[in-house]
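Below are two complexes that have chain A in common, paired first with chain B and then with chain C.
Then we have the complex of A and B:
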């Protein structure tokens, strides 16, 4: 590969190679505060390759390749190269990670205790984590919560926050420093996307785990409501939200059972970020 | 009176299953397949009543009726046989010919 970058995010190290300089330059700048040790041994390789022999120059189009690949993934435009690299890194984690039980969830921390939020795309889990990260919580990740197989702790994976559509403006209003935002990527397969560099303490403390204290299933755009969620439903939904539950076998089973029986779970409906933040503060202070 | 060779049911070899409680439900991790099963009553009770020696459904129903308020009739037996067939298909219990007088 002509251009390359080695990047440490949480417990994982990635080596990202590209035929083009632009995605690597963008990644290098946005991940400036993260470990970038070229000599580090990488867990995964991500390669951004031309989609065809001439596609390096002519309507350049990026194919995501790496240790773990989705065979039918459509190539992306070079101007979305940064997104391709992020998707490539996510894919390696989702398909390859075995050191923790990986749950598709965002997480934030306060006083050593973690709030974990899971839900489908559009639930607002990513935006809520980013928002709380600017309001006194430590941002731990907007995509994956890594559950420790031996002690049940939640480990951070604080990659760049991937803001989509309306969340971009909402976070622009929240974050004063425009240098923390990546380029606006319009017309991607997921709509408009803009990456946000997590707060400095989130990056500095990205190897620091927390004890899970509350699990939320947020739902955006529905009138305010809070409901308990039964352990059976939580267990089932988390097996669906985990990309490596089956691969981890009995260790994953024990880790998830422990999480579900020790961590209270609630579903919350909300209509704005401010409303959700207030609800979360209330629920958090009511915890034992 | 059952004929010799009728289907009986028994538990599987020790160590193949990991049982965990989950408010009102039982999680069973099946080591040979790596599959997780979520069981609601009466399935855990049925499994717990099985022994290493195959028992006929009728004997099992009589045994379960002592501990639980079950319909000890043809309907109850049919329902139990359905559950036993289901658990056997999942590999959580085994069926074996049951030699009875």
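Then we have the complex of A and C:
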């Protein structure tokens, strides 16, 4: 491939190749503080290929390929190349990672203890983690929480935060440094997207795990409420939120069982980021 | 070319300790693309490799073990579905290698479950599988009719709960292919494994793999198929019995080519013909990014696979039908 970059994010190393320079230049700038050792052995290879014979030049269009691929993934416009690279890396983790139980969740840490947030797309888990990351918590990841198979700890995977639509303005107001934002990607399949570089301490401590202390199922846009969630329901929802629970077999079951029985779980409804942050502070200080 | 580095390592695993870290990325990508990473992991057991590589290989071994477990369970379910008919399925390919504990099965990825049943019992077998939860996946009537009239297997079925595919064969090559293997002999010579399962005889296992690779298909995934053949050939006790069996099935030339390719790619080398060299170029076309670097050659083999499969007039009609339905070569 003409352009390439090797990136370390949390415990994983990615090799990203592209036929175009632009996505690699953008990645390399946004991930400047992450390990970029071109000689490192990569866990996964991601390729950004032209979607057809002429598509490198004419209406350039990117196909996301690599070690693990989705057969029918729709090609993307080259101006969304950065998003294609991010999706390519996520796909490798979702389909290939076996060293932790992978849960589709965001996480933040304080005093060595982790708050894990999971929910459907649009629940606000990603934005909440980014917000808390600017307000005294250590940001650990907005996409995947990695559960240790032997000691149950949560490992960070702090890739760029993917801010969507209204969350972009909300985080622009929160983060003073505009250099931490990537280009605004308009009209993507998920609307407007803008990437945010995590805070420096999140990157510096990206191999540092934390003990899970609270699991939240946030829901944005509903009047304030807090409800307990039973262990059976938590277990079922997390099996659905995990991409490798089945592949890990008994080890995955043990890790999830341990998480569900040891970590208290609550559903919270909220109407603004400030409200959620206040609720979380309250719940956090009430923990034993 | 990374496919070349990959096969060198499969041939001679101790070379691994002399590799530079930077060479591994290409090898791992090529191995994943060829579905040989689990096989490579098994080959490299006990060889000193960098830590990040050994973590990747450990993952691949874990995946291969899971695949094997699932494949054996699928075989067990198929056997249970067919048992009331007094029919014992003959396992083919990956599931057979796993069930029989063959070296070809070590670390191997196993996709669909392939089984062989006598052609005159195909309808009963299909009905029993449908009753046990398998469903058709080819809703197109042309495809369905094509399979039933010309192929060596039923249209693929998928189990509605376990989401696993089964291919029910009645012979080992499409009916339109030039060689016509003796399906009845495959069945009478099959070997009992216990648990209501059978596998082909030692010789027929080799010849099925050879027929599948040399006389059918476009050689995609060919490196893995050739590795299977290498392992199966190594298990053969009586070479002349294999030769006689190949002649019986009309596969003598195919077996000879397979032996030359195995010796060239995974062994100490053997004189190649001009056509063999094209096969080798096609087999070793993965580059350091896991991409097919010889697309034109792939296309040529794709065309060849169709010419092998049917006579020209029938092929034209087939391609015209598929084209109208919007199908394009990959």
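By our rule, the second predicted complex is superposed on the first by the 288 of 288 C-alpha atoms of A that agree within 3 Å, B and C clash if a C-alpha of one lies under 4 Å from a C-alpha of the other, contacts with A are read in each partner's own complex, and residues count from 1 in each chain.
One rule holds in what follows: a residue touches a chain if its C-beta (ideal position, glycine included) is under 8 Å from a C-beta of that chain, and two chains touch if they have at least 3 such contacts.
The shown structure was predicted, so the numbers you read here are calculated from the model rather than taken from an experiment.
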Chain C versus chain B on the shared chain A, clash or fit after superposition: fit
First (chain B), second (chain C), both or neither touched by A:261: first
Angle, in degrees and to the nearest 10, that opens at chain A between the C-alpha centres of chain B and chain C: 60
First (chain B), second (chain C), both or neither touched by A:70: neither
Chain A residues touched by each partner, larger count belonging to chain B or chain C: C
Which of chain B and chain C A:230 touches, first, second, both or neither: first
Touched partner set for A:40, first chain B, second chain C, both or neither: second
First (chain B), second (chain C), both or neither touched by A:249: both
Which superposed partner A:239 touches (first chain B, second chain C, both, neither): first
Minimum C-alpha spacing, chains overlaid - chain B and chain C, in Å: 7
Contact residues of chain A, present in both the chain B and the chain C interface: 249
Interface residues, chain A side, partner chain B - complex: 230-232, 235-236, 239, 246, 249-250, 253-254, 257, 260-261
Chain A-facing residues of chain C, complex: 21-22, 24-25, 28-29, 32-33, 50, 52-53, 55-56, 59, 62-63, 66, 289-291
Residues of chain B that touch chain A when the two form their complex: 18, 20-25, 27, 29, 31, 34, 36, 38
Residues of chain A defined as touching chain C within the complex: 1, 13, 15, 17, 39-43, 45, 47, 49, 65-67, 96, 98-99, 247, 249
